[in-house]
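All chains are identified by letter, namely A, B, C and D, in their written order; residue positions are counted from 1 within each chain.
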Amino acid sequence: MSGGVVWVLVGLALAVVTVRRRSAAIALVTAQSALLGIGAFALTPGRSTEFLVASLALVAKAAVLAALLGWSLSGTREPHPVWDDTPPILRFGLAATLALGVSALIPSIGLVERSSEQATVALVAIGIATVVLRRATLFQALGLVVAENGIALAATAVEGGMPLVIELGALFDVIVVVVVATAFHERIFDELGSGDTHGLRGLRD
Amino acid sequence: MTDLVVTLAWLSVGLPVAAALLSQLTSRDRATDRIGLIGAVGTAGAAGALATLALVRSGEPVVSGVVLVDAASGVFLAVIAAVGLLSALVSPAYLDGRERGFFAPARARHWYWLGFHLFWAALLSVPIAANLGVAWLLVEATTAASALLVAYSGRRNALEAGWKYLVLTTIGLTVALLGIVVAYASAPGADGLSALGWGSLRRSASEMPHEAAVVAFVLLLAGLATKIGWAPVHNWLPDAHSEAPPPVSALLSAALLPAVALVAWRSKVALEPAVGGGTARAVFLGFGLASLAVAVPFLWRPLAWKRLLAYSSLEHMGVIALGIGFGHPLAIAGVVLHVAGHALAKALGFYATIPLLQFQPQAALRSARGVARTSPATASAMGISLGSLSGLPPSPLFFSEVFVLLGGFLSGHAAVAAVAAALLSLGFLGLVHALIESMLGEPRDARVPERRSSRLAARLTLVVGAALLALSVTAIALPDSAPVEALVRWAG
Amino acid sequence: MSGATAVAGAVQIVGGIALAPLLPGLVQSFKARLQGRRGASPGQPYRELRRLWGKSAVAVEGTTVLYRLAPAVVAAALATGVLLVPVGGRAPDWPVGADALVLIGLLTLARFTVTLAAWDTGSGFALMGAGRDLAYSVFVEGLLLLALVLAALPGGSTDLRALSDAAGGSDRWGEPAHWCALLAFGLVVLAETGRQPIDNPDTHLELTMIHEGPLLEYAGRDLAYLQWAAAARHWIVLVLGAELFLPHGGSFWVRLATLAVALPALCAALAVTETWQAKMRILRVPRFLAAGAGIALLGLVSWYLGGGA
Amino acid sequence: MSAVAAVALAGSGLLLTGGLVALRARLLGAALALQVAGVSLLGGAGATVVLGADPVGSGFSGAVEPAFGIDGLSGFFLASLALVAVPALVFAHGYLPGSAGAPAVAALTAAFLGSLAGVVVARDVISFLGFWELMTLVPAAAILVSHREERARRTVFVYLAVTHLGGAGVWVAMLALARYGAFADPGALGQGAQLLVALAALVGFGTKAGLMPFHSWLPRAHPVAPSHVSALMSGMMIKVALYGLVRVSFEWLPEPTLWLGLVLLGLGLLSSLGGVLYALVQHDLKRLLAFHSIENVGIIALGLGASLLFAHEGEALWASVAFAAALLHTLNHAVFKALLFLGAGAFDRAVHELDLDRLGGLLRRMPWTGAAFAVGAAAIAGLPPLNGFASEWLTLQTLLHLAGLGSLGIGVAGGLATAGLGATVALAVYCFVKVVGLVLLGPPRSREVAEAVEAPLSMRAAVVFLAGLCVLLGVLPGLLLPRLAGLAPDGASLPTHGGLELPGTGALPAPALAVTLILLTGALLLARGRRAAAPAPAWACGQLVEPALSWTSAGFTKPLRLMLEAVLRPERTVTARIEGGVVQEIAYEGEVPHLFDTKLYRPVVRIASAGAAQARRLQSGSLRAYVLYLLALVLALLVLVRTGALG
């Protein structure tokens, strides 16, 4: 996948950490997944059919996730977005530095281009950063998806592509997890009146 | 022979899935329970048969497609099957005494059995997965299936626990998946699924570039550690164990954690040629000591019963990590014994909460007290469980801990083993305090225990106690038994 | 058994039994002289014993058999002890042996019994004295054993005869260890005989009694036994002092003669210390004895630094 | 299988059945009888090995297969166990009925005896550790069965905590020995390994033996246990710990190590002096006895240390004599301490009170128990011609000769130890004069005491038997000496006498001494005649002797408390109620805090719990923190890989 596309993916991820509204974030993640799918699709010439299927699956995933998240969004209208204790610019800075750090840290792991190696770890890192920096349940779920996208990117960049079973299985798992996550999101929303995980700190020692 | 094994393998995964689906058909609670139980018995039968077969023929492992049945799968299958069966059998008792929950009451039981059987199916399939990738998928599947069960009671705390469990383990497994991708990418001539098969991975590992292999290994281990509950990424464990329904807690602690630990173990064996024995060992020993050390301060605090058991799980996972890390035959025998003994004792402990919470409700939030004064049956269950978990003779865990530590000394890790012994006895302080107080302290309020629940406790105590004793008796013969020798050969 | 040994045995018995009361008597009369009084004759103790023998014993109300047994046991222990102490470095092989530690054990037995009798009477003064006596004994025993260690260094044996032989000759006097031992044992003698500055045997004020205290409730022959025991204690420690730490040597007869001179001399020395020393405060006594222990330890060190000759 | 082995097996079988039968409350008597039979068979088997029969069973091995055997040392401890256990069980027959959970306690007693014997005969690591743990746990269970109140639970927890923490030392030592195959040939142990094993064993076995400063559990646990169990704990359990120490330091360490000998000497001195000092200031009888156990363990440790030093200097004869002295004192202490604990139990049953200041005059009301108790007191105080004197004489002799051994360090150590042991003996005399005086003599100090009645036959029989043993072992110690000396590594052979006759000593002809003392006393009593005037009140400067004037435990020991104020740091509060310038009443409260607790244990515990509280912040409850941990872990591992620290 061309370097440009790869860095767009990372940029989108960073945007997810930063933006304030859930809807915007969902749109970004969907865009990211879609872009990933299309990028993969663009690589299909000269690759196995398995790869084709996989890239199609990626596109499908984007659609499904968009639908799922959008639906649960409509189910849980919140009066005002969940307040985050770190300001957007700081979130952006932290996530970016983390991404740079890990992509500098990661040695060559045998993907076709160096750029996608770095982008992969950057995406995973940013996904995790999203969970750390955002309090809203939905954002944390999105963080998972972003990290998953990172893996998907790596999968496309593997010599000859990952085995299809893994690809599809992973996609399926992601979707199931997101389904469960949205279920939780709604229950938590009912319980707390907002998707703020700050309220979920009762279990401690 | 191979066909039989494979059939049994598919049966023991297929039956619970079937049971899960069938249990949705009826609308009546009792019927659902019945289907669930029948399915459980069938599953346990198939899995048990498979396990015995595996243990008997531990000499020659069977590999066909994505199915691998060797001594290790035999041991873990047996444990998972036994714990699953017991959990299924006690489930109705729990479901009957249940208040409002996560799901609409009308369908609650159906959801429960659906989740339970899918979870169990995934668990049973993990030890017989012949392939790192497939194993990963199945582990991830267990998360999805069990997260809802954790939150089953629908209490706020349960929601919190479930959410933390879901997010933490998913992120962890994402990291692990990254590790798998790295391993696959750096494996020379990797094409298709088979490249991730345990055997071929081990073969190709010798040509992997060292650094990439190490990166893959640490990512994989760090990711799996979150699921196994190794410190410092264990934090979901106490919450989930204490909030889940007792039968599910038992499955989580006694079946899930060891099953994932097996995946970690297999990865160690597979990648060792590339990573180097020293590094692999160091990672396991590090996780082991960290888990033991982190468990101690929490065990010292008066904890609610299930939370106490959860932290002791942390401790025991540490012991297992140490045993795998030491790699000495005696230590491996210790690991086998430890997995089995810990599973039984821990499961008994969790089941005991069903009667316990019935007559001491606040034991859900605060430490149990003076159970022996109100319900001797429950007290004996809790006492046997905790006594075994704190490694007192003649419980099998005493022998397994001696095996592991002695193995540590014999494999030349005297310092690590000595520190581990010290940490174990530090943890013992908390356990024994809990043991004394929960048995003989002044009860906060003593409702009268129902006869039904104490009957349940008595039966369980009898069964599990006998099983534990049997384990202790076999302990001495274990180190030079065929399965363990097969394991030793496999673990190199 | 050679004649010398036979004589030694005779002296042990006659001296220990009959001459013992003379020693406190001597001390008293010397003291009287030093204080410019005429004082009683050295034979006074004998007169007292005769008087007591004629009187009848008094039983304290509510006492048990222990109270009645005690005097006899104490006297028996001391009498046995007398057999252990060699004179002139000789003693026949009495069946009771001649070991220093056994002697200490017998003295302890006597102390134990007296104190139990005090408890039996439950009399406050008796117990007051007994308590103090036992408190002292803790330090005295330690000191005594250290002195014994030093004395046993050259001979390497705790057989009192061997100890006495090892102390003979002039070369011992060149060793600081011996001097330290001498000093330490001197303190032990003061404590064991209940002399000033540790105890005042002449006191008639109950509150200040230490060794006298437990005897307070006794009368008649019981008291006679106990007083004789006190005298025998003098005999044992003084003879030991002379035998183990004073210069002697040559043949048995010479040593016997030396002893005959040494004993009155020691009594005189006791009298002198009693005259110029006032009684110490109870709490200062332990420091006093501890200082003695320190000196003894120095002696031990010096012995090894001196090449353990 | 040899006859001895058969007897031993039969014995253990009987013991086991005795334990099971005990669970039926009605069959208590039969159960105890079975246990007596079993333990006496075990003891008999042990005794025959000590007396020269060949060792039976296997030798020590680092393998995991269970192995058992009886050699001389094990035999000696088995025999001592039987000597203590039989009277304890007989006592229990009168003592248990009417106490809480009698059947359970009886069953646990059997389990306790079994585990004690098990440790001694175990020949492989796992059985050893298993029985070791059981030996720790069973008494705890016995305590909890009979007392459930807060204090007892606390005590049991402290007991288990301290002994188990120390027990880690035992684990490490045994496992390390197995790892180096040092059971077979000690030479396999390297320098570092030797240090590890020696230190671990010292801490592990020392804790269980109650050596200071690891003793904190002992004075707590022993008093609360049922009396016959306390007797076994004080009499045998701590000795079995010493057995382990002996095995390690004399058999499994390659050559007698100088520093270990000196350390043992030091700990022994500390324990003997410290133990007896704190015993002196106690006023609860059983607690006092517990502190005396510490003292006597110290004396035994002195003997062992001396033996090591002699062996190190190549003095085979004295090395084995010192070894024998330690073993002899082990046996003697087992006997008289059991006697004293059982006596205390009998008093407790009679008057439900063990505060020294509330007893008194029991010799009149319980003549048998009282007399036996007095004999035990005289024995532990080390008075001739009783057994305490014999072994203390032997120990003193060894220390005295250690002082003359020829090198400055050892010499000074020996001198100090000699003086210290002398002071210890004097303190013990002080202490037990007080005990006998306050418990047996003088006027009764409470109504219960005044109405006390003699204990039932079985309890009386037990204590009288033990008192007889005290006398017998005191009069004929020489019969045992050669055997015990033979048990030492390269043990010298000594001639057998009734008394103790050794070169370099004036000999302790115990039989003759006893006869002489008795004859002389008799003669003097005859000479005294029976003339006595009318009884008179004790002299109190003419005023009447009232109970208010009677002496207390604190009063009697006050001189020493004052003399050692700097060491003991006693605390006292005197409050006077004054009205109109006139003192109406004065209240005096005094106690001697246990400095090891206040200055050592409590601070450690405080620091540890504070640290734990800090560590628990890890579980902050915030999911984001947890994810951060994961991130940090991954980054740290990656950094390690990149820097080459890992892989």
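Methods note: contacts are C-beta pairs under 8 Å (C-beta built on N, C-alpha and C of every residue); 3 or more make two chains touch, one makes a residue touch a chain.
Being a predicted model, the structure only gives us computed values, none of them experimental.
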{"item": "Neighbouring chains shared between subunit A and subunit B, ordered by label", "value": "D"}
{"item": "Longest centre-to-centre distance from subunit A, chain (CA-based)", "value": "C"}
{"item": "Inter-centroid spacing, subunit D versus subunit C (mean Cα positions, whole Å)", "value": "35"}
{"item": "Distance from subunit C to subunit A - Cα centre to Cα centre, in angstrom", "value": "98"}
{"item": "Rounded Å distance between subunit B and subunit C, as computed from the means of their C-alpha atoms", "value": "78"}
{"item": "Centre-to-centre distance between subunit D and subunit B (centres being mean Cα positions), rounded to whole Å", "value": "44"}
{"item": "Multi-chain contact sites of subunit D, meaning residues that touch two or more partners", "value": "616, 619, 623, 627, 630, 638, 641"}
{"item": "Subunit B: positions in contact with at least two other chains", "value": "163-164, 167, 171, 175, 211, 215, 238, 298, 301"}
{"item": "Multi-partner residues of subunit A (at least 2 other chains)", "value": "106-107, 128, 131, 140, 197, 200-203, 205"}
{"item": "Touching pairs - complete list by chain label", "value": "A-B, A-D, B-D, C-D"}
{"item": "Interface residues, subunit A side, partner subunit D - complex", "value": "98, 101-102, 105-107, 125, 128-129, 131-133, 135, 140, 197, 200-205"}
{"item": "Complex contact set, residues of subunit A against subunit B", "value": "106-111, 120-121, 124, 127-128, 131, 137, 140-141, 143-144, 147-148, 150-151, 154-155, 158-160, 162-166, 169-170, 173, 176-177, 180-181, 183-184, 187-188, 191, 197, 200-203, 205"}
{"item": "Sites on subunit B touched by subunit A in the complex", "value": "102, 133-134, 136-137, 140-141, 143-144, 147-148, 151, 154, 156-157, 159-164, 166-167, 170-171, 174-175, 177-178, 180-182, 184-186, 190-193, 195-196, 209, 211-212, 215-216, 238-239, 242-243, 298, 301, 303, 307"}
{"item": "List of subunit D residues in touch with subunit C within their complex", "value": "361, 363-364, 378, 381-384, 389, 393, 396-397, 400-401, 403-404, 406-408, 411-412, 414-416, 418-423, 425-427, 429-430, 433, 436-438, 441-443, 499, 503-509, 512-513, 515-517, 520-521, 524-525, 527-529, 531-533, 535-541, 545, 549-551, 555-560, 562-563"}
{"item": "Partner subunit D, residues of subunit C touching it in the complex", "value": "56-62, 64, 66, 69, 71-73, 75-77, 79-80, 83-84, 95-102, 104-106, 108-109, 111-112, 115-116, 118-127, 130-132, 134-135, 137-146, 148-149, 152-153, 156-162, 206, 216-217, 219-222, 225, 282-283, 286, 293, 296-297, 300-301, 303-305, 308"}
